[in-house]
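Chain naming follows the written order as A, B, C, D, E, F, G and H, and within any one chain the residues start at number 1.
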Amino acid sequence: MDVRELLEQVKSGSVEIEDAQMRLKNLPYEDLGYAKLDHHRKLRSGFGETVFCQGKPDAYLLEIYKKFYERDGEVLGTRASESQAELVRTAVPEVVYDPISRILKVEKPGKERRGCVAVCTGGTADIPVAEEAAQTAEYFGCRADRIFDVGVAGIHRLLAQRERLDKANCIVAVAGMEGALGTVIAGLVECPVVAVPTSVGYGASFHGLSALLTMLNSCANGISVVNIDNGYGAGYLAAQINRMAVR
Amino acid sequence: MDVRELLEQVKSGSVEIEDAQMRLKNLPYEDLGYAKLDHHRKLRSGFGETVFCQGKPDAYLLEIYKKFYERDGEVLGTRASESQAELVRTAVPEVVYDPISRILKVEKPGKERRGCVAVCTGGTADIPVAEEAAQTAEYFGCRADRIFDVGVAGIHRLLAQRERLDKANCIVAVAGMEGALGTVIAGLVECPVVAVPTSVGYGASFHGLSALLTMLNSCANGISVVNIDNGYGAGYLAAQINRMAVR
Amino acid sequence: MDVRELLEQVKSGSVEIEDAQMRLKNLPYEDLGYAKLDHHRKLRSGFGETVFCQGKPDAYLLEIYKKFYERDGEVLGTRASESQAELVRTAVPEVVYDPISRILKVEKPGKERRGCVAVCTGGTADIPVAEEAAQTAEYFGCRADRIFDVGVAGIHRLLAQRERLDKANCIVAVAGMEGALGTVIAGLVECPVVAVPTSVGYGASFHGLSALLTMLNSCANGISVVNIDNGYGAGYLAAQINRMAVR
Amino acid sequence: MDVRELLEQVKSGSVEIEDAQMRLKNLPYEDLGYAKLDHHRKLRSGFGETVFCQGKPDAYLLEIYKKFYERDGEVLGTRASESQAELVRTAVPEVVYDPISRILKVEKPGKERRGCVAVCTGGTADIPVAEEAAQTAEYFGCRADRIFDVGVAGIHRLLAQRERLDKANCIVAVAGMEGALGTVIAGLVECPVVAVPTSVGYGASFHGLSALLTMLNSCANGISVVNIDNGYGAGYLAAQINRMAVR
Amino acid sequence: MDVRELLEQVKSGSVEIEDAQMRLKNLPYEDLGYAKLDHHRKLRSGFGETVFCQGKPDAYLLEIYKKFYERDGEVLGTRASESQAELVRTAVPEVVYDPISRILKVEKPGKERRGCVAVCTGGTADIPVAEEAAQTAEYFGCRADRIFDVGVAGIHRLLAQRERLDKANCIVAVAGMEGALGTVIAGLVECPVVAVPTSVGYGASFHGLSALLTMLNSCANGISVVNIDNGYGAGYLAAQINRMAVR
Amino acid sequence: MDVRELLEQVKSGSVEIEDAQMRLKNLPYEDLGYAKLDHHRKLRSGFGETVFCQGKPDAYLLEIYKKFYERDGEVLGTRASESQAELVRTAVPEVVYDPISRILKVEKPGKERRGCVAVCTGGTADIPVAEEAAQTAEYFGCRADRIFDVGVAGIHRLLAQRERLDKANCIVAVAGMEGALGTVIAGLVECPVVAVPTSVGYGASFHGLSALLTMLNSCANGISVVNIDNGYGAGYLAAQINRMAVR
Amino acid sequence: MDVRELLEQVKSGSVEIEDAQMRLKNLPYEDLGYAKLDHHRKLRSGFGETVFCQGKPDAYLLEIYKKFYERDGEVLGTRASESQAELVRTAVPEVVYDPISRILKVEKPGKERRGCVAVCTGGTADIPVAEEAAQTAEYFGCRADRIFDVGVAGIHRLLAQRERLDKANCIVAVAGMEGALGTVIAGLVECPVVAVPTSVGYGASFHGLSALLTMLNSCANGISVVNIDNGYGAGYLAAQINRMAVR
Amino acid sequence: MDVRELLEQVKSGSVEIEDAQMRLKNLPYEDLGYAKLDHHRKLRSGFGETVFCQGKPDAYLLEIYKKFYERDGEVLGTRASESQAELVRTAVPEVVYDPISRILKVEKPGKERRGCVAVCTGGTADIPVAEEAAQTAEYFGCRADRIFDVGVAGIHRLLAQRERLDKANCIVAVAGMEGALGTVIAGLVECPVVAVPTSVGYGASFHGLSALLTMLNSCANGISVVNIDNGYGAGYLAAQINRMAVR
């Protein structure tokens, strides 16, 4: 940052070597401050920052939305409640809330979407997590193809969608209970599959543990797993992979 | 057992009513002792007793094989080691040992096999458990159709076997790791599916726990689960169900 | 469904081969966007589709009930709430709700029931799960014999019911806490036993885990296990097995 | 039951031996019906039946209290809610409810209490479970000495109570969190110790699992464990042991 | 210890009050030294000290056996290996080793045994743990009635032993796998039942966890649990309870 | 307490040596009662007693606050609710409540704070636990430097704070989810690090288990762990360690 | 497949409607045959099939290596033992074995490697898993940059490698114990990170569970997880992602 | 490191500002390389680096020992095997191996030891872990007071050691099974307690999990926990804390 200036002062003799040495000692830390680095990252990647709304105090949430919106003209928030949506709307009227995915966002109009991420679910109860993934991927510049309720207990439903699967650069497989969807898909397609276990189910699903273990133990190639119900993480990763394909 | 005799003695007066009353009081317990009751069961069901060989002391094992063989002319043992096989052979030379399934048995020649149980595996490493199931089902009077290495990571392999699956009265689905085989099969067929998780795998398979949970959380209808690696239990149950169909 | 009709139209020339080809491609199921209904299966097995009501959005639920009822004249829903029952009644007035089992159904009048499934519970708290099993089995054409509160802590209660147990083609054993009911029953009878662990209990029952493990470790022959509280799954499986016996 | 009659009919010839044989086959089961056996047990042991109130439907609860009260003149119920207490009071006005222990009971006046059971807790939060144990033990005829808040993090508090501990015939040690109370007590006294883990705590106490494991791993002699929060079970067992000492 | 002396010195003025105060401060700890207290306990209870042999270094083991044998004329060791037995025999030739229970002991001849503890097992594989319990109880002065292989999968085997069960003052129920033996017994008898889960089994028995949970969740009254495979602990506790009955 | 008096009475002859001996026998227990011993401790350490408010009945809570406040002029309570704060304020008007940390305290004015404890968090959601730690450390005489939202997913944020970290005598690292904050800090600094896992997170965080395991498995030197969400315990320990440095 | 033909036969009347109906029943499944699909996949992707050697019987292993080698001129095997390497070498002398990664392969000479995958480890003990990942990625056409022993307990080691990290198209982060490496890396770079937990560690690492949970709970964006010790899976996925970048 | 040189070159003009700027950009990373930073740390703290021997390949281990020994004149290795000791001795003959603690070290003669750390164990089986802690603390400059076999099942044994406990600046409490030792000690003393769970035990100790949970749930103040069997970590931390006290 001020490294050049400092070096010039050293050269001109207006700063002592010992002083310069001391100031350089902590340089990388002060110099690579939070905002700056993230700013750089954003410019480079086109991926704006996001807000995990759940549990955020009202005052903090408002401030973050305002600050992000002013800086970037858009903002993506996840796990927002209905009342948080109303709160943020008082300060950022352009904000849009989707009660299914619980996404609360402002998106720049006319954003181009390139490439395609397919988001599949095992059942209808997995849709909220899938929507979080799909809308995140869309926010970060992909088209999202929603292929819902194609669980492996009725395998023909999935097989009937092969053409759509083949068109995606990355597939997000969202499933609870037995969680085998990702494996079957990864065995059918060529692109990476991001598996998202959901907490949908009861009894021995243990709040998503069963689906998580299933997915980690997948015998298929090209599959990896994110946290239970982490639609956002899957959507982000899928957008990253999709971007590689469309560059 | 001796109830008839006792009743005859009561009738003839050689036993007093009070005495008979006392002896009958505990009849079901003393009279229906272990061996006898099982004998009755065997006559009724045609399912001979079996031996869980693992961990049995040599002397005990030998005695059991001899006793069962003498009484029934056949005996089925599971989880036998190579050295146990050699030991038992010294006393029962007709005994046959299969190192894959670890089954050590004598089977009556010319036993009729009716109906069909299909035994499927996800991978080749599940075959020992599957063979235990298949040979158990065969021992109890079914034909067993072995359909191995049809795991869901390459779903076409399983789909190619649909006709064979449709012919079975019960299907045993043996799988480790993700364990989704049973669900996909149960979604394809009309008969009951018995799922057997195996301890095959590593890492987050946790010695079969992952496959077990997957199977318990199956979204398909008509599927139930037995203990990890319990090929015998699955084969027995499949034979029971098959018998209903062929009666 | 319309396959025969379609084929007839092909034969008569009123439908072009290319059209028929396209329509057959997606034949086996009906796509409601969010949910894909499986019609193919029903024709084959005689077992109508069922609805897992819990967590279904109102609009979805209504549509599904209406559509199933129109098509089949009956519909079985599980885990329905009181308010879901009221909702569905507005569209399908014939619907009947049972608050114990939480089953919400319309059943064709005069349905014949053949064979018998016995449904046993360890305690009175297991009855809701048992009723789900019993009514499911009845819906799919069995008689259900309810044998409740016969837990193994008072073994004589169970032993007194042996005759009823012997008459069943399949027994559903529903138990929480220690969950040993299935094992004792399987040791007494000749038919398959489907064990259902329940989440009844407290402390180290860990929401049904204890009963689940007990049942998986059963030393008896002819027993298998379904998910915790999965009365529906047990009832369906029992009906499948019973059907084999009565054919 | 009718064994004598049956035998007399056999003797007189009015019943055929084959018939008698058939009827005797299931004798022990029908003959050992539920009510009778429990009645016998109660007479023998002086321990009346108890009611686990939690989750019981109102109608069922009312009926049980009335029936038990009519038969025995007293009744012990555990885990009752405030509203259940009010309900039962409408039918059995003598019923007494303790909101701490959640015990809802009628006890015969003037019941003699012999011997002594000490009930200790680690902290004040364990008192509800301890009271359930103490009042159960009292109901079954013991004196209960309450020694509360003597957890091992301040070992002098426990040591100061040694004389009271020495007077007990059985000690119930109730503790959550680290759960070491039982071990320290068992190392100090001569009588059996029944350890009750409680679900008190947070974080890595995992709802009582930590205390449960601690107690099971006790290095002291003469200690055993009951389920998490199972004050009733501990009180019953302590009363059983105390009865042996005072006979 | 020297309290009297100290007090005399205070009285005589040869020790200052402040000094005495300081020395008394830690009195109870120094005064209640290890050996003395245990010695006192032993005299009172007749229960000699025992040795957990497993993992003890040779030198340490030898010394302990010699010391205990010299002091008490007898010694009970558990979980000893064959080679430890040989080692100890070099120093204490009277020592007796039982390879089943792995108990290594010297017992005073002519020890009287009063009362009776019944030790039951579910299967034959539980016998080593049961023998540890039985021999421990015998060492501490009880008669032990061994009732093996009476698991609940063949309930008649257990029911046939009711008379023997009724004669015991305490019953030790040893079982692995499903572990329901203790519950059924506790429902039949009047005396306390100590349940010992064993690590016998495979798969979802999880090294005894399944049996442990089953036992903790027992619906029967008068049952408590010790650690997995802890035959010694159960035998000790049973002897404590039996002693109460025979006093 | 009365030891001095007793000794004086012995010296003066008004108490017999035998009597004194008897009374001294149990001295450490009766004499070192709870309040007294803690009083001694407090004088020595300057660490006043604290109250775990959660779940305390109102009457009990009021009494404790009053008693502590009267004795010490200050009191620290943790996990207090808003309504508990209002309750206590009726009796102790000086009490101050912080809804973030849920600390309810009276602190002596003008308390000196020496040395420094740094309290770091991974995210903003960990702040309540961190504040509990910071305010506890302050209450016990440290300055607390709050360094929040420096999680390892943006490592530069933490590195920018190195100078503040270097000035602390102990660092409390509070983090949920992946929980790696403590390890990175311990690798940067020279002083001990106390890691506090938090229950912040969802899915496979399993209520703090993930962060807990991460912290226990830290590869860094000089780090130890307290219970999930146990800010108080960490703050207390940090104050203890800080006191050593500033003495 | 033959749908058109079939429809034409229906139209022409050479096939009856009933027959056509029957043959259409299984249509969608037969149409997706095994061989074709895999053949297609391989041609398309350039990713040859691989062999999981561990536990494969000798005869089977030999046959697979020979068959793959003949067909493709190369073969990749993982988790091979020293003796398996020797065995395969008898039939395929070109085979090369690496005892660190346990990879047993033949690779076509002169294979071009494009793009770059960085493989990082937390410690030296993670290297075997990392090598499996690196060599897999190389086999599938990437360059692999090995950056080992850069665990977060000494964060400067990792920070010193930023330039190498920035050049990769995908980063594989291999770590045991606390497992935080992936999160820190994902916070530094722009490309996807595949995290591999290893079973390295002891105590509360629970054979990799700790690292697995840490990685699943990562707060960083763009990270996903594979099974414990699954270097192969990570390398495959990284190669897939890298291929997208270099196309 | 070379910052000064670089600055001098800038000043003298022999390096261009642009070049210097570039080289400084990555300065903190390259400049704060592994060895250097650790060297700095060592000089500051007097705590030399240590080697985790277990699983290290022979060649690597030899090299590390030689390098560390040459640089520092001493080296501390943990978890070394007998054969590793022999190997290292060939290159560093001064190395000393302790088979109990498995520590393999060279220590500078005449090292001063200041302050005191007490290391306590619950039983004799915990001694190996305790010795690792004690010798680590000694290596880092403390005296270590070993207080072994003072488990809480015989609380008097611990109480008798109060004076020794009071003299320590930090106490390491090592215990398996129930693991309550740390809590009782922390309730007695004023200094911090580091609790080390050990994997000693069987059954429900689950390889140290039971002791770990107990320690995390401690109700005492001033206690924290390290990984199961992590004697080294506890010894290091205790030495850090002790150093604060003796400075």
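Definition applied: a contact is a pair of C-beta atoms (placed from the backbone, for glycine too) under 8 Å apart; a residue touches a chain by one contact, two chains touch by 3 or more.
Values in this document were obtained by computation on a predicted structure and should not be read as measured data.
Under the contact definition, chain B and chain E share the contacting chains C, D. Seen from the Cα centre of chain A, the chain whose own Cα centre is farthest off is E.
Per-chain CA centroids place chain E at a distance of 40 Å from chain F. Each chain gets a centre from the mean of its Cα atoms; for chain D and chain H, those two points are 49 Å apart. In terms of their C-alpha centroids, the spacing between chain F and chain H amounts to 25 Å. If you average the Cα atoms of chain C and of chain F, the two centres end up 54 Å apart. Looking at chain E, one finds that residues 26, 28-29, 154, 159, 203-205, 209, 212, 216-218, 227-228 touch two or more other chains. Those chain pairs judged to touch are A-B, A-C, A-F, A-G, A-H, B-C, B-D, B-E, B-G, C-D, C-E, C-G, D-E, D-F, D-H, E-F, E-H, F-G, F-H, G-H.
Looking at the complex, you find that chain A touches chain G at residues 28, 41, 44-45, 47, 156, 159-160, 169, 190-192, 194, 212, 216-218, 221-228, 233-234, 236-237, 240-241, 244-245, 247. Residues 3-4, 7-8, 10-11, 13, 17, 20-21, 24, 26-29 of chain E touch chain F in their complex. Residues of chain C touching chain E in their complex: 122-123, 151-155, 159, 176-180, 183-184, 186-188, 201, 203-206, 209-211, 213-220.
Chain H meets chain E in the complex at residues 124-125, 154, 156-157, 159-163, 200, 202-205. Those residues of chain D lying in contact with chain C across their complex are 26, 28-30, 32-34, 37-38, 55-56, 60, 197, 199, 207-209, 212, 227-230.
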